[in-house]
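Per-chain numbering from 1; labels A, B and C assigned in written order.
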């Protein structure tokens, strides 16, 4: 168990360090996030009252776009120079690699969300009428839901043609209950009209179920050649 | 140490019934034409590709996963991160193998004839340096079995000769080494046996580089 | 085995015709919706058949993951494909029904929406199989099927709750059902199931034949020496 977390930490640290050095993905992602927010604001230009109804959906759709772009490059460095082979040949458990990648993606997408949110608040003049603190667990659980399955399906797509389209093709249908939960709960908080509790519990259940599923099946997927 | 009864199909038959016994502590040079199945054999031995049929027994176990800590694998791609220096790369891989000894990375980099303090990222190395660093990665955890796929490709002659000498020393210290290469003449005099493959089978095993009997 | 097939085919054809007759002629006309309601006899049995097939797919996928049995994989492929077809029928008949009755093409009806998501998941399953370059495609597909199955209850609950907050017309009607209608429904379901079974069976035979041919080809290339490159 400690070996698992040791390797997970090492891999995560390595990924962060590499990302920090090249700043490839960070820069392009940040700009992409900004673009998405601006484009959406042009496309949907509502009055304050309506904006609360739809903002929940808009925000999460834009987060979803950003997440997919981030997820698609999850394994990019491991594919170059076939580093993945080196990992597979080592005694390191596959799950530690998975967790490290998933956590890395989570941090990355969370940063993007943190940057995009103030922009949305500004453009749509949002002011939550419900208990705003609940947005934190919603964001955390929702992001993890996307990232955990996304990392898993990104690994699956490595073995397919049309790799980059395969990831969203696989991810979106499975994520529908989570997406529904994220959108409805955010809308509930923004409009203050309903309670988000059910959705938060659903997100929690979703996260538990699929994190377990991913951990059980990742080794199989990694070694499938 | 290795008893090998392998029949494997890819989309086509990459290995068509390979049965062989390899003793420990020897250096084997595997050669043959393109498409003879050399790389497939090596990858199957390493546990990277499951055989379609047949079994492999390495170091007393039929499961590659169980003994993978004893394997060192190297291929034509460097299996290293281009954006990190050699030392950083090895530092990471040493964590994968739970190596605590801090000096080990430097030790093994020096062993292959490179400078551990080199601050250039691996992506900027010459091919010869990159192959040597990749070899260092394979040697990091002091494996008993080395599986090397084209380690000398695009490497300058001097570096290649140094690598061969190193492999000889490794073999003398008891490691079992398999080298797949098109440049088998480099191993003349060092290798214990030359294993000739053709069309997915082993067709001959000779102690030196005598010409293969015509197909 | 081959002799039974034509007999079953004829029986199924007969059953389907009988079921059609029952649905269109014999079944009583529904009070509020009129004759349009008869789509119900295609909509619901298709849905049940699709769910049955997907359940078989789930079981076959798990069996494959544990045993790596190639027949289990063949069953998985077959049930996925035929299941998607029946699912498509459900998704087409749903709006066809809703439009004349309520004037809208789509409602967030729990079952219809869940079926849509299930359809999406299985279409992505089929795409994964088509696009995969790995020799281990069955493993990946089986993993996806397991994920899909895990997803189903979550899908259902999320849409169910969503609907309680945004009530919409319910396709298929709530409440009790006239026993004569139930009778027709069950006949149609039986007919559909037989039909599905027949199609699956012939598809399965096709799949096995294909795999046998591939295996023969592999064996052949194994024995014959290849030309020197």
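We adopt the following convention: a residue touches a chain if its C-beta (ideal position, glycine included) is under 8 Å from a C-beta of that chain, and two chains touch if they have at least 3 such contacts.
As the structure is a prediction and not an experimental result, all values here were calculated from the model.
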{"item": "Most remote chain, CA-based centroid, reference being chain C", "value": "B"}
{"item": "Identifier of the chain whose CA centre is least distant from the whole-structure CA centre", "value": "A"}
{"item": "Mean-CA-position distance for chain C and chain B (Å)", "value": "49"}
{"item": "Centre-to-centre distance between chain B and chain A (centres being mean Cα positions), rounded to whole Å", "value": "39"}
{"item": "Distance between the centres, which are taken as Cα means, of chain C and chain A, whole angstrom", "value": "31"}
{"item": "Of all residues in chain A, the ones touching two or more other chains", "value": "225"}
{"item": "Multi-chain contact sites of chain C, meaning residues that touch two or more partners", "value": "135"}
{"item": "Touching residues (chain side chain A, partner chain B) in the complex", "value": "3, 6-7, 10-11, 14, 17-18, 21-22, 77, 80-83, 85-92, 223, 225"}
{"item": "In the complex with chain A, residue positions of chain B that touch it", "value": "46-50, 68-69, 71, 73, 75, 77-84, 92-93, 95-98, 137"}
{"item": "Touching residues on chain C, where the partner in the complex is chain A", "value": "65, 117, 120-121, 123-124, 127-128, 131-137, 139-140, 143-144, 146-148, 150-151, 154-155, 157-159, 161-162, 165"}
{"item": "Residue numbers on chain A that touch chain C, as the complex places them", "value": "149, 156, 159-162, 166, 169-170, 172-174, 176-178, 180-181, 184, 194, 198-199, 202, 205-206, 209-210, 213, 217, 220-221, 224-225"}
